[in-house]
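First chain A sits with chain B, and in the next complex the same chain sits with chain C.
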Partner chain A sequence: MTSQRLLAMTFAVALIPAAAVAEDPIKIGYPMPLSGPASVYGVPIVKGAEMAVQEINAAGGVKGRKLELLTRDSKASADEAVRLARELIIKNGVDFLSGTLTSAEAPAVSTIAKENKIVFVAPTSKTIQLVSPKNLHPYIFRLASNTDIDGRTGASIIAKWKDVKRVATIAPDYAYGRDAVGAFVEFIKKARPDIEIVDQQWPKLGTADFTPFITAQMGKKPDAVFCDVFGGDFVTLAKQAAPLGYFKMINNRLVDGGEVGTTDAALALGKDYPYGIWSDTYDPVIWPENEPPAHKAYIEHLKTFTKQEYASGWAIMGYASILALKAGIEKAGSTKSEAVAKAMLGLSFDTPIGKLTFDAKTHETGMGEFWGQMVKDDRYPFAIMKNPTYLSQGPYTQ
Partner chain B sequence: MKTNDLASRIPWTLVVFLVALVVPWLGSRYNTFLATQIAISGLFAVSLNLLLGTTGLVSFGHVAYFGIGAYVCGILMKTYAMPFSIALPAAALGAAFASLVFGFFCVRLTRIYFAMLSLAFSQIIWAIAYKWNDVTGGDQGLPDVPYPDLDWMNSIPLLGDLRIAGQFYVVTLVVVGLSLAAMRRIINSPFGRMLTTIRENAERASAIGVDVRRYELAAFVVAGGFAGIAGALFGIFSRGVFSDYVFWPKSAEVMIMTILGGIDHFWGPVVGAATLVLLNQETTSYTEYWSFVLGTILLVLLFAFPGGIVGGLSAGFAWLRRKRRGAAGPETGSAEVATVEVKRA
Partner chain C sequence: MTDLSFLFTQFLGGLTTAMFLFLIASGLSLVFGVMRVLNFAHGSFYMLGAYLAWQAVQWLSPLLESFWLAALFAALAVAVLGGLVERLLLRHMYGKEELYQLLLTYALVLILGDAAKAIWGTQQLSVSRPPILDGAIEMFGSVLPVYNLFIMLAGGAIAVVGWLILSRSSAGRMVRAAALDREMLGALGANVGALYTGMFMASSFLAGLSGALVTPIQSIVPGMDVEVIVEAFIVVVIGGLGSFWGTFWGSLIYGQVLSFGILIMPSFSLFSVFALMAVILIVRPWGLFGKPMR
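And now, the complex of A and B:
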């Protein structure tokens, strides 16, 4: 009997440290497009998230527990993202969800997060629908900017150009383009009643021929253009518009709200970049002056982490999504989604691009982006942003 | 021949239904979701096979009717807060009506031209879904489509223990089971036999006085209606309707399911749907290079079973039977007949 009890006690004692060390990691599910055209955004965002997890784990994890990232390829499809979210929650038992890219995936996963009461941080989806009052629920949080902020901020830049009277817009013909341009027009009409919208073009997403849209717009002789064409479409647009003298005619006064100010977009266009236009990016990556030291360290690590010569401007969103969850868990003192969801209301956390705060009412960070003129710099074989300035234009008030 | 008679007398739809019904009580909530997806995809694939296998019409645009069903049901349930009992029939009717209109033009063409026109129509539906922001939600779709009101199930023993997803699975299974039973009847009816005649030789069919176009149009409408039911269920299952549902890759996906399972057998597309859903789920959770792995597996399966999985298996069984009979005595003649019969069943 005694020996048996002794054995049991030794066994129990031996188990205590083992249990403390081998505590389960905090799991974060990350569905994201990793194949197909949308992967040019999805892959760097996931890299950013992976790097954040690595850094946090190297520093001892969150509340002594390691983080574990479960990335899955959502194939940029809403129903696949839903299936993955369910699989991650039920089968893999994730504690939190982040990820998703398109404006269909994020609201689709948001429904699943609500159903399962799991905190979901959407890093890049900009649709205003995601956290509109009728779709808002306690577990959804948006890190990214939104189409309202995009359009308004673009308008605030053009509004400063006093000699501009005739403005045109060109944006892809779907909800994202329509919403951003709608916000742009509303803002600029109030800020500068003397400005006239002379032309609006709606090329379809993924079109191979922008020429008819460009020539039609040039016929209306605008002084400046608000553009929301992004990614591969912007590459096509820039290459076709330059020989027609489009940028020359408007004196490079084109403001693009579609993140063509990222190093990714600048690299894709190389020497064909329409130097002199204005655009935005979440992370300027190359920051010629006044670069915050935290940003410098982040970029240096990112370059070695991804083994790339120039870091991506998208990785920051994945990186910050993990920081947001970490801050939420620490404030809540728990990994229970219910507690973390409450803690995240009004939560502020530091990122390499500055402090972000989740608004307690809208569940958004109200995050703006870095805006600036894209210029030629002999040190780099592509356009870089001159004086990146953080701008976030809220509703127009006067 | 006796075993064959017995096999044909078993109500297979009922057997499969009863076996599948157990899933939610086995404990894993995720398996219930997978089973729901398989049931819905199976119905969608069988409805395509009514065109592909039974009538011999290759439709690349079958997803249009799936999508219309999903949108009609989703819009009615979410925007207008209609009950499921109205939204589901409305989805089937809406999809059937659309296939009547589009089918009217499609059946005037044959083979590749039919396929291309059906694809063109489905892309028109996609463009409408993608752009008509006020009604379809455009590219953002209609998130948060509610589950049907299944509170009445709570008072029923066993059913009451299930969560809403499990209860919806039961509803899905009943709807899919009834739909499959109906389609099976249609295929085995004189009307269905006529469709097979058209598939075998359309010229000869028209020579004996069959109005080929009218029969093809009827098949198109029936297939479209059932695809609409599958779409309606899928919209609720995924808790949202999105423009992906009407985009052409979904047409390709259901085509793969149907061919993978075997177009010569009623249950072939269901087996194909289950295989593809499970393969997709396994490959995406284990590797980032799922498309490479999935593509290779599909390639091997299609080479190993040219008649689809069910076709390959039944050919294998027939071969075994023949071999056994060959050992017992010279009876190969009747075995040949049996093989042909199995193939056309």
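And now, the complex of A and C:
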């Protein structure tokens, strides 16, 4: 017992100087999937965060202190993200937490943030559970859109297609897909009581062969589809569905709320992209008309920073997560999580895609996404979004 | 009439799924049947086949558009890798507890997964269909993409060729003998070591080939190795561990159960497949075409 206590005290003493030196960097713990299927998003998000840190430090840091990003591979697992968050707090003494990708990781890390009273900014998790009244606490903040916004916005687009009467849905079989489709169905029924939901498919995440799902759906003869299949799965679905005549049957009237409007998805599909469908993205990246100058500068820097010919549409979420913390620290005039958490309520900050504000009640930015039809453009070897339009919640805001 | 053609479409969908899985599972089944090695890394070989095919397409594209050459290159390269793995690593595990083999092949899953990530990054990649297999044909009122038809034929061809080699050739006789009694075959003067290396290379070739062949209709992403290995194992278990024909029928049953399961209860698309596996494991623990372990 005594030797254990002695050991604990030694550790505690060893930690004190690190916390006491004022010139120490402000540490931000960043668990994010960097391996496995989810790394498709995790890696560009971390790149965005790294770039923000680099820019801020080059300009003198925050309140004279540099930022330090401590990135860890969460493997998209809630358990691993929790373990890393604990380790980052206890061993590395991080001042803040951000990162996590999925709706499994973020709510789990949120409980750790609550326990340790450390501000946690979740950049991409969309589950409504994250900040539901039951789970809300002073230290959790969400940057991203949520599944309600996704489903409602999708519904507002389909509702405008007057001749559509038979609508089908297809989405991955887990919380994200189920919640978004649930919101979609609820709101399309309100907006267009004449529309009938004729079919609902739930392929699992990582489905290798969508053929039987697609043929089953085609059998129900829908006029339009709300889809939440995303990333690599959407690439697979699009390639298998096209020769079956799926997109032709619905006249390309498919609305996907899973960010297949990103350059990332468009690049992967190349000329196999189902031109004419509608989708969303956090960042249009390629913005042919009315591009804000701040966005242009951001994309140019991102391209050199990542040494990529075309920038990723996901990096913005990592980039903005760091900007949010910076704004919070500056407003609070302190790096104490308690003060920063209070300062972030109602806090507005500028990002390359526009101003975001953390709602003081919900702790969310209520961020929408850029929606638009994906079209062919001869200047690019892949599909781009026509007139990216920032849509949030649709006309059904509560 | 429309109803009948709809059911036929669904049947074709199931058949596509089945033949896909068979392409992958055949190599897995082959190695288990003869060498009693449960190769977890089979999915990783499949993934490498996909990445290598993509890479070869990129290399070749300034000169010629040849998906087939790329696929062949990928399959051969994976076969060579398989040969090295067998010679340098797996060989030391024969005769030891199966747990060691599992650990070794699982370690390979991790190593190859990270290696692929280091080389090709985490971006989703994809390859276009070869023009000759683009489009679709109509069959009894159902639309069948030409590439799916090609996959079905390829699966069927591998089944027939595999069966012919195993049952009719002298190499096949040796392989079957090795499955029954390895020591005795060695004592009779056969080069069991070379036979095993050959078998493992053939299995790796099949894995690499199937990985290359799915690239035109699937995205190439990190993690595709682990996704596929689970389904391949289900098929092999349903058919009977180590039975080549069992794997073939296992794939067909899996495809149809999934396909019609989706039609009947879309909310539980995977339930039907796992229920099938559970029932088969209870009734015939050795699978449909397997033999009870002695």
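In the analysis below, the second predicted complex is superposed on the first by the 372 of 398 C-alpha atoms of A that agree within 3 Å, B and C clash if a C-alpha of one lies under 4 Å from a C-alpha of the other, contacts with A are read in each partner's own complex, and residues count from 1 in each chain.
As a working rule, contacts are C-beta pairs under 8 Å (C-beta built on N, C-alpha and C of every residue); 3 or more make two chains touch, one makes a residue touch a chain.
None of these values were measured; they are calculated from a predicted model.
If you put the two complexes together on chain A, you find that chain B and chain C both fit without a clash. Once the two complexes are laid over each other on the shared chain, residue contacts for A:Glu115 go to chain B alone; chain C is not touched. Once chain A of one complex is fitted onto chain A of the other, the partner contacts of A:Leu391 are absent, as it touches neither chain B nor chain C. Judged by the touch definition given at the top, the superposed model places A:Ser35 against both chain B and chain C. By the document's definition of touching, of the two partners only chain C reaches A:Lys239; chain B does not. Between chain B and chain C, it is C that contacts the larger number of residues in chain A. In the superposed model, A:Asp173 lies in contact with both chain B and chain C. In the superposition on chain A, A:Thr127 makes contact with chain B only, while chain C stays out of contact range. In the superposed model, A:Thr215 lies in contact with chain C only, and not with chain B. Legend: residue contacts after superposition of the two complexes on their common chain; A:Leu136 is shown touching neither chain B nor chain C. When the two structures are aligned on the shared chain, A:Gln201 is found in touch with chain C, with no touch to chain B. With chain A used as the common frame, the shortest Cα distance separating chain B from chain C works out to 6 Å.
For the contact definition in use here, the residues of chain A common to its chain B contact set and its chain C contact set are 34-35, 173.
Across the interface of their complex, chain A is touched by residues 6, 9-10, 12-14, 16-17, 20, 113-114, 117, 121-126, 128-129, 134-136, 143, 145-148, 214, 216-224, 226-228, 231, 255, 258-259, 262-263, 266-267, 269-270 of chain C.
Remark: chain A residues 34-35, 71-73, 77-79, 82-84, 86-87, 90-91, 102-104, 107-108, 110-112, 114-115, 127, 129, 135, 173-176, 178 touch chain B in the complex. The touching residues of chain A, counted against chain C in their complex, run 34-40, 42-43, 173, 199-204, 206, 208-209, 211-216, 218-219, 231-233, 235-236, 239-240, 243-245, 264-265, 267-272.
Across the interface of their complex, chain A is touched by residues 28-30, 33, 37, 130-131, 133, 137-141, 143-144, 234, 238-240, 242-245, 281, 284-285, 288, 290-291 of chain B.
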